[in-house]
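For clarity, chains are labelled A, B, C and D in written order, and residue numbers in each chain start from 1.
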C-alpha cells in the first residue's frame, strides 16, 4: 500500500529527535486520532538550519514527518511556508487515500512551528491560528474539497 | 505458509491444510458435476455435499437439516440477522446486539436501524463481557432477535452464550451467535449453547476461503437473502460450491478431533508471550478477559506508540500480526472493540493482536519477544508522548 | 472429468481447468494471507486480487474499479436487482424483466414484487427473443431498472442487449444483464452493450464454483447486499476468496483468448447433433433461436416422451445432459422458459438440453445420436401418448 | 435420488404394453402435468390374471407403474383395491418427496382400471369418480394432508 519512498522514510526516518532551545516548536494532531507530530526548528537569519521531529502515528505519519523535515532544512521561512501537503506527498511518491491526512498534518506541523517562531519573535499577526489539535480540522470531512480526492477512486 | 514468516494472525485467516486441499481437489476436476443434476456426476456430488453437511452438523451438535451453506461468515451473519428481523417484523422491530460485534453484525444492524428497526447495543465490561443482567434489562416485548458473538475477534473474550441465549428465549426472542472465531478453536455445540442461529466461516479453521455456514434451528423461519434456484432446500440460491463445502467439512472435522490438544498448545504459546511481554516491556496492558478468552488470542496495548507502525516494523522482521481486526484496517478510528472495553483512544491506537495457531512454536515466541522489545523501544524513542510522559 | 462420461451439460457447470486450478493452488497454501492485512502476506494477496480484477475488467471491456467480486452468479443477480431497486426507490418502483430469466433474477423480482415494487415480465417470441418494441412500450416514468439476460441458459437464445439497454437508458432506467451463460462463450463487452450492471459466474467457463462478479458502471449506486467489513471498496463484505478470484480471472482470460476457435468448435458439434437428430428421429423440434443462440447450446423437444426418463436413460449410457435448467430440476412444472416460447406443457416436458463444451468431440455426437435413437424409441414404445398419436 | 429398486423398475419395467380386449382400462394424469399412466387389466373370476401399463412420465412414474402392475397380478379385485400409494412406495424402498405424487397416480390408475371393469360389468355405484385427469386432484396441494409429508424434511 505504501510506496518504496514511504517505506524508506518510515524504516530510516531522517531527523528524529528534538532540538534543545529550539527557535520554533510546533505540535499538531492528537493521540485520540492516532497521530501527533512535533517539529523542532533551528532558525537563523530567516533560514531553517535544522529541523527534527517526534511522531506518534502510523507509517505514513512517520514518513511524512521525516520527509517534511528534509524538505524544509536549508529553506527560508517563506519557502518553507509554501510547502504544501501535496509537495510532501509527491516527494514520497504518493500516499494511500486514507493516509492523505498525515501529509496535511505535516504541513500544519511546519506551519505551527513557524508560527511559534514568529510569536517568539513578535512577528505573528492576531488572526493566525494553527492546528486546533483536532484531526477533524485538517482531516476527513474537509479532505475532499481541499485535496480533490474522489471517494470512488479509493484503493 | 511463507518459509520464514512467523505468522501470528490466525484470527484474520488461516491457510488451507494440505489434507483439506487434497480432499477438495477431486471436486475441481473429475467430480465437478452440478450437485443439482440428476445424472451420476451430479448425484455423486449431492451425496458428497450431504456427507459434508452431516460432518459439520456432527461437529456442531446439530442435525444435518439445520446446516445451510453460505459463501462466508459475513453472508451468514447478514442472512441470520436480516432474515430473522424481516421474518419476525410483524412481531416486533427491536433487535439487541453488543457493542463489540464484528462489522458483519454491526453494519447489518446499522442498515436495519435505517430501515425501520430499533437496535440496542449492549455495553461490555472492561474484560469485554456482556452481562446477562444487562441483556435482561434490555429485553422488550417487541424484541425479536438478540445477536451476540461467541468469541471476539480482537480481544478473544468468550461470552456466556448459553446464559444469554436463555434470557433471549425467555423473552420470546431468537438468539444468534457469530461463532466465526470460536468454531475450530473451542467447543461449539448448538444444543448446549441453546442458540437458534450460529455462524461459522471455513477459512478461520484451516479450511478454504469463500465458504461459511449458518446453523438454523429446526422450525426457525428466515427471510431469504439470496433468492434464485432451489439449492440449500430453496433457502439459499447458487450452484453449490462443492470443493468449498468439502473443504470446510474436512477442516472442521479435523479441528474438532484435535480441539483439546490444539487448545492446550495455543494456550501455552499465548501465556509464554504474555509473560515475556509483561516482564520485558513497561507500560503494556492485556486487553480482553485474562482467562475466559480464545486460547490463541493475545491482545496487548503498548502505550505511547501506534499500532500500524508496530505492525509494519514487525512485518520487516517477517512477523505477521494485526492491530485490531484485519477487517477494519484502513479506517482511521481505533478499534470499536478496544474503545468499548474502555481504553482511551491513544492506548487503543497502540494495540497489537497476536493470534497463535497451528504453525507456531515456542521459538517463534522467543523471536517475537526480542523483536517487540527492540521495535517498541525504537517507536517510543520517536514518540512525543513517551517523551512527555518521561518529564 | 469422469473417464467415460460424455458430458453434455456445460451450461450447468464446468470443471476447473488444470491450468486454472494450478494458478489457484498457491493461494490455498503459501500465499494464504488475508488480502486486507498490511503485512507482506496480505499485501501480496491484495496485489494478486487487484491483478485478477484488472484481468476480468479487460475481458469485459470494463475498468477494474467497476468489477466487484461476489460468491456466485446468483449473488450478483440478487445484488444488482435488489441493490438498484432499493437505491432508486425514491425515483420509482417499477421494474422490467423478461419471462425467461434465470430463477436468480425471477425470484428476486418476485420478492421485490412482494415488498412494494411492481414488476413487468416481458414476453418473448417463439424463438425466445425479447422485442425492443415491447420493452419500449413497457417503459414508464417510474421504471428504475430493466434486467434482461444476455443469453438464456435453457434455449441459448441471445438477446439484442445493446438495443434493449439503449431503450432503458433513454427512459432513465438502469439496465442489468445476467451474462452468466454468455461470458466465456460469446463476446461480452460492457461498453459495446451499454449496460450498467452485468453478472458473471466463474464455474460456467472452466473456473471454480463459488465465485462470481458484478460489473457496476462507474457512478451507478447500489444498496449493499452483504454488509460488514470494508472489502470490495466497502460494497461487499467478506474476507476475499483469493483462490476463487484468481481462478475466475485465469479462466475468463483463457476463455476470452480462445473465444473464436472455441465458438467454432462448439457450433460444429451442435450442428452435427442437430442434423443427426432431425434426420434420425421423427417428431422432434428445436427450441430457441435457430442461429442467434449460444454456439454450444442445443435444446430439442422429443414428442410423446418425458425429459427426466430420457435423462436417466442417457445417464445409464454415461451421457450427462439436462432437461431444462439443472437449477430448476426437482420442480414438477415444466420449464418456464419452454412455456414462455409457447410450447404446450407435454412438449415442454419432453425437452432435452445438450450443452457442448471443451471436452466434446465428433465421436461423442455419434454416440449421442445412437443412444438417442434407441432411448427415444424405447420410451415412445412405453408411452400412451405415442400409442394414441399413432391411431 | 432414486432407490435401487426404483432404478431397477425404471430400467427394466415389468409388464409394459397393452392387453387386447382388456377387461378394465384406466388412464390417469395428463400430459400437462408430465405424467400419464394407463393400466390394462385381464380379470377372471374376480382375480387379476394380468396387468400391463403404458406410462408417459418421469423415472418414478415408470417405476411405480411397473411395481403397481406387479403388486396386483394374481390378487383379487378386493385385494387390489386396498393397495395404496404407500404400499407401492414401500415396495420400491421409498420415493423422493417430489415424486410421491407418482405413487398416488399409480394407486389411482389401478382404481380407474377397476372402476372401468365394474362399469363394464354393471357393478359401479353412481357416486364413484376416478381421477379427473388433473394432477392437482391427486398431487401437490393435497399431498401434505393425505400423506403426512413435512416440507421441512424434504431432501
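Convention: a residue touches a chain if its C-beta (ideal position, glycine included) is under 8 Å from a C-beta of that chain, and two chains touch if they have at least 3 such contacts.
These numbers were taken from a predicted model, which means no experiment stands behind them.
Asker: Could you quickly compare C-D and B-D and let me know which has more C-beta contacts?
Answerer: Between the two chain pairs, C-D has more contacting C-beta pairs.
Asker: Distance between subunit A and subunit B based on Cα centroids, please, to the nearest Å.
Answerer: The answer is 38 Å.
Asker: Whole-Å distance, subunit A centre to subunit D centre, using C-alpha means?
Answerer: So the centroids are 87 Å from each other.
Asker: On a C-alpha centroid basis, what's the spacing between subunit B and subunit D, in Å?
Answerer: 54
Asker: Please list all residues of subunit B that touch 2 or more other chains.
Answerer: Answer for subunit B, listing residues that touch two or more other chains: 38, 308, 312, 330-331.
Asker: Where in subunit A do residues touch two or more other chains at once?
Answerer: There are none in subunit A.
Asker: Which of the chains are touching one another, listed as pairs?
Answerer: Touching chain pairs, listed by label, are A-B, A-C, B-C, B-D, C-D.
Asker: Note which residues of subunit D are touching subunit B in the complex, please.
Answerer: Interface residues on subunit D, with respect to subunit B: 1, 152-155.
Asker: Looking at the complex, which residues from subunit D come into contact with subunit C?
Answerer: Listed in rising order, the residues of subunit D that touch subunit C are 7, 10-11, 13, 16, 18, 27, 31-38, 54-59, 61-62, 98, 101, 135, 139-140.
Asker: Please give the residue numbers of subunit C that touch subunit A in the complex, ascending.
Answerer: Residues of subunit C touching subunit A: 38, 43, 46, 65, 218-219, 233.
Asker: Would you tell me which residues of subunit C are touching subunit D in their complex?
Answerer: On the subunit C side, the touching residues are 304-306, 308-309, 312-313, 316, 330-332, 334, 344-346, 349, 381-385, 387.
Asker: Which residues, counting only subunit C, touch subunit B once they are in their complex?
Answerer: So the residues of subunit C touching subunit B come out as 1-2, 5, 7, 9, 12-16, 18, 21, 25, 28-34, 36-42, 70-75, 77-78, 102-105, 107-108, 110-111, 201, 203, 208-211, 224-231, 237-244, 308, 311-312, 314-315, 318-322, 325-331.
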